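Residue numbering begins at 1 within each chain, and the chains themselves are lettered A, B, C and D in the order written.
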Amino acid sequence: MAILADKNTRLIVQGITGREGSFHAEKMIEYGTNVVGGVTPGKGGEWVHSKPVFDTVKSAVDATDANATIIYVNPQFAADALYEAIDAEVPLIVCITEGIPVADMMKVYSYLKGSKSRLLGPNCPGMLTPGQAKVGIMPGYIATPGSVGVVSKSGTLTYEVVYALTNKGMGQSTCVGIGGDPIIGTNFVDVLEMFENDPATEKVVLIGEIGGRAEIDAAEYIKTHMTKPVAGFIAGATAPPGKRMGHAGAIVEGGEGTAEEKINALRAAGVRIAANPEEIPGLLG
Amino acid sequence: MNLHEYQSKQRFGKFGVPIPQGKVAASPQEVYEIARELGGPVVVKSQVLVGGRGKAGGIKLAQDADEAQQLAETILGMQIKGLTVRKVLVDPASKFVKEIYLGIVNDRAAGKPVMMASSEGGVEIEEVARTNPKAIIREQIDPFLGLRDYQARNLASGINLPREHWRAFVKIAQSLYACYLDSDAVLAEINPLVITADGQLLALDGKMSIDDNALFRHADLAEMRDTDAEPEAETQARAADISYVKLDGQIGCMVNGAGLAMTTMDMTKLFGGEEIGPANFLDIGGGAQADKVAAALRIILSDPNVKSILVNIFGGITRGDEVARGILQAREQVGINLPMIVRLNGTNAKEAREIIQNAALPNLHYAETLTQAAQLAVSAAKGEL
Amino acid sequence: MAILADKNTRLIVQGITGREGSFHAEKMIEYGTNVVGGVTPGKGGEWVHSKPVFDTVKSAVDATDANATIIYVNPQFAADALYEAIDAEVPLIVCITEGIPVADMMKVYSYLKGSKSRLLGPNCPGMLTPGQAKVGIMPGYIATPGSVGVVSKSGTLTYEVVYALTNKGMGQSTCVGIGGDPIIGTNFVDVLEMFENDPATEKVVLIGEIGGRAEIDAAEYIKTHMTKPVAGFIAGATAPPGKRMGHAGAIVEGGEGTAEEKINALRAAGVRIAANPEEIPGLLG
Amino acid sequence: MNLHEYQSKQRFGKFGVPIPQGKVAASPQEVYEIARELGGPVVVKSQVLVGGRGKAGGIKLAQDADEAQQLAETILGMQIKGLTVRKVLVDPASKFVKEIYLGIVNDRAAGKPVMMASSEGGVEIEEVARTNPKAIIREQIDPFLGLRDYQARNLASGINLPREHWRAFVKIAQSLYACYLDSDAVLAEINPLVITADGQLLALDGKMSIDDNALFRHADLAEMRDTDAEPEAETQARAADISYVKLDGQIGCMVNGAGLAMTTMDMTKLFGGEEIGPANFLDIGGGAQADKVAAALRIILSDPNVKSILVNIFGGITRGDEVARGILQAREQVGINLPMIVRLNGTNAKEAREIIQNAALPNLHYAETLTQAAQLAVSAAKGEL
């Protein structure tokens, strides 16, 4: 068992003939992910890493029965790639692309509602169920099968934490990067709910950062719905207000979205908060 | 990317929002000319990308062109919250009977723009949110439907705007929304929107923030960026495609990934306290080529407050040994006397450590953990290493 | 019991200060409908037929707790009136307006999905639950309480049938005009389902016409889901193809939407089809 | 409202669809001039708002200008399905290797436009739908999102269009959709869209239908209505705001409400059979003022086939007695010798009956039921009343 993707996932790669798409498609295949094909308009009929390339998501899904797609497409064309995946009713869409204009994402977000798809990202490292499927760009070797569910807004910070867990012998059920953009398809609460319902997950790590109120919503959810222990870390205590910290969403605006208020809310919900991410394995012990 | 008041108002005006017929000036002489042309009393307003200009003495009323020139002489060149005033806006002074607030921001949780109005204009909306949240009326805008007239009427009704101003208010709301949309803005606000003594609505002050991710489709807006108004290092970082924010501490940080970069900053303060702390946020992104590492080091070193440098890289798809070699190469290019603490985790971390340690360079230390790295960087900044 | 509206309906009238809106508001009040107010932008604070006028639907709903609205607004402004009612989450919206551009209605129709509102119309006579509530323009005296549910695309043809039923002593549970436009909020199937589930309805009359395939869908529904007897009539057997018969939706296109195919489908579903609407009461006997 | 081929293609061209560089002409001399200017073989195409022009001899190929002129002499003025040809389109003849179909219609059930493509172009799409439905590929268009490029690619892929034509096809699909949207069309189709011998896509024939309800915002399109191409009575009816369609039967119908009007037509045929039947559809709408009744009677009488008149009114909000008086008044204004059967149901029907019967006019009969009214009208048309 796992959440979002596992051995039964049949993945296509949108943008598979591009530099990034091709590179990460290979890495995912190496990891053992069941990549069944790719999509690049105008290149249907070609082959990449022994996988067939299709012109449209619809034809790829028709031919391969794919149930997941990962998008490596330039920000200018990412919204179109997302609509195409939604229209093709792909159950899981993971969007790696960084730098999609927020106006584009607001429309995608609205279109997504009532659709048959779940979107992870954009601007996220994707997800990884150790030993089963990697749908994203996380380095595969840092994770190992186990019972800790990890959910995070960040990329390399997540790798740090996952690697630290692995080095302490604490394997992971699934590691999920939800992304650092202001508007994302899947939020902390969605993933926490999946972990809560996932028999393979016993404990959960949540890694947040400044900006927005997704961590506050998470605290509310944890308080009222979660039975499994949660440990966490919030990055950006030293970030000044009004300045964007790399991620488009990482900004304290009008005094809202500070690390302090998030930490307080999570603590009040019973989450063990680390002052230093290296403490996290110890807090789960 | 934030726009100046004069840029925001000009753009609002282009979309139909009534604005004062002022002009921007960079010298007292220009201010005199503009004020004379306008005739009557004027307001001289410093153009800096920061709030609280009025309290800092950056906004003054002048009765005539001579007084305007005199005021401009003090305002131009003054420092407001660390920023030098290089331009002033000279607007005709307006008599008004009421100040209201009208703005659009993106509601992250809803995934929609939200238009907000308040009868308490002229103060920061965050202040109103704290002191009198009921005074703020909100209308979420469906991104496909756009702002509808009835939504603007709901706002007008909610803030008890006298009915004779509704038509003008709805038009201004639609103009502001059109401007927000066309500019790929993430914030567009008129504060205050005043009812003048002769019963007109007028946008006295304006503020806009543009989505950096959308600038690729707005060459005209991208050109409006005022690089005078930001630390030079931030301008250089942007050119090198490095995400950098200058801070006030002493430890220069170089990290890959935004979350890890913030965490590294946090660690320097955890172990160094207020007086040491991070000198910057810096995310070099993926890959970490030697050229980019060199550019990042130059940017960090351009800050005279920096006492030590902390490099924290998680080698994922890229290999730690390559990153380590890149750092050594960049160090040669740049020439660094400050102590430098390097921590590489992830792929080939062991090989990376050997490369750094074998280099045996003075002031270059390898750390195993982030905790150790931060502690070393703090000690180095204190001159204790 | 009844469907759509009854004694508990609290109705507002959008466009109450207009000629049509004011006239029909009075007729509805006379009938006994609980009209609680009206909306005309810029005329908030006025009174019409002793009912308060509001500037926006939201303020009207806030003040009166209305749960239904009826729209008498020019076609140019009707879409806006519809969005306003949907945004105010009014459960029942009845749109009388004729002549709304179909492009406008396609957007409204899309916006309606996933909303909290049901739309009846546009270009419809509204509905009437005899003795309880009239939300529309049907002459009230032609109907009388009883157990026949009537659903129709038409206006005056419906009045004929309802009046004939009344004259034969066959009262009605609710009479519903769904409208003659190509895109309408509530279709035959929706109303048939309501009648099937309505304890007050024992028999059903369906009055269709050429154009579209709503009657074909109705036949399918009747065949598979309905236990109550249905009698019907389809207008337009003599209409030539490709010509619009008054109603924007009444047109046989590409050989589809003929009276013949609709009659055949309904007959096959067990519906008693009248060749002459005056036969309908007899078919229910 | 339907547009002619030349109008549709011009409009498609305006939005970027490649069309032949032909021109429209109303005289053989003009045809000669156009053909000479174009040079080479041309096609002379009758412009009438009806299908099957080719089979009727309304589309001919000419090798040169002289032949084009000769052909135009026979085509101009000919009758096609009851319509007189008043204009011809002269297009350069195109050599092509493949005909495809591309069109947009409104999908009523889905509430969305649907774009359809078929590899079987050049025949009516309804024909393809019957004979080879799988050859039609459909893409529903979200009205807020508009047509997306991938949808056009899905169509291209579905009809097995060679990949080298995809880019051009996607552009044409987008142009057609833009034209459809901008025109408030309910149908826009290119049939055939050909692949020419030199590998270009070209819209050889086009058809558009505009939403009558949207004409208020398209003054330019409303002007394109060809009143020559419709019975004059329909033009008059439109001017009087009466909904009227001319038919082939003998009983003139005047009714309030579209559904009741169709039903009344149906009843005349039920009792009169094929040879009698309805002479028209006519809905006078609500109210039934004497002026409008008079206009409607004039329109009905302008049809020489009409042998009797059937008036069927359901008095709802309006009162039957008022309607009856309006009919008498209109009868005086117009002057009618044909037998007229009046049936008024609903509000004040009894009073209405008294008014009609008291008038005791020759050839004016009152009926109680629709059945009786239809039977009387049929008898009257047969001269048996």
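To be clear about the criterion, a contact is a pair of C-beta atoms (placed from the backbone, for glycine too) under 8 Å apart; a residue touches a chain by one contact, two chains touch by 3 or more.
All values reported here derive from a predicted model rather than from experimental measurement.
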Report back the single chain whose CA centre is most distant from the CA centre of chain A. D
Tally the contacting C-beta pairs at the C-D interface and at the A-D interface, and name the larger one. C-D
Based only on mean CA positions, could you tell me how far chain A sits from chain B in angstrom? 28
So what's the Cα centroid distance for chain A and chain D, whole Å? 55
Return the distance between the CA-based centres of chain A and chain C, expressed in whole Å. 47
Of all residues in chain A, which are in touch with two or more distinct other chains? 107
Can you tell me which residues of chain B touch two or more of the remaining chains? 142, 144-145
If you look only at chain B, which of its residues touch chain A in the complex? 106, 108-109, 111-113, 124-126, 129-130, 142-144, 181, 184, 186, 211-214, 216-217, 243, 245, 247, 249, 255-263, 265-270, 277-278, 281, 283, 314, 316-317, 345-347, 369-371
Within the complex, which stretch of chain A touches chain B? 23, 27, 75-76, 99-103, 105-107, 109-110, 137-139, 141-142, 152-160, 163, 180, 182-183, 207, 209-210, 212-214, 217, 233, 235-240, 243-250, 254-255, 259, 275-278
Chain D - residues contacting chain A, complex: 142, 145, 148-151, 153-154, 157, 163, 166-167
Once bound in the complex, which stretches of chain A touch chain D? 41-42, 44, 55-59, 80, 83-84, 87, 107, 111
Which residues of chain C touch chain A in the complex? 113-114
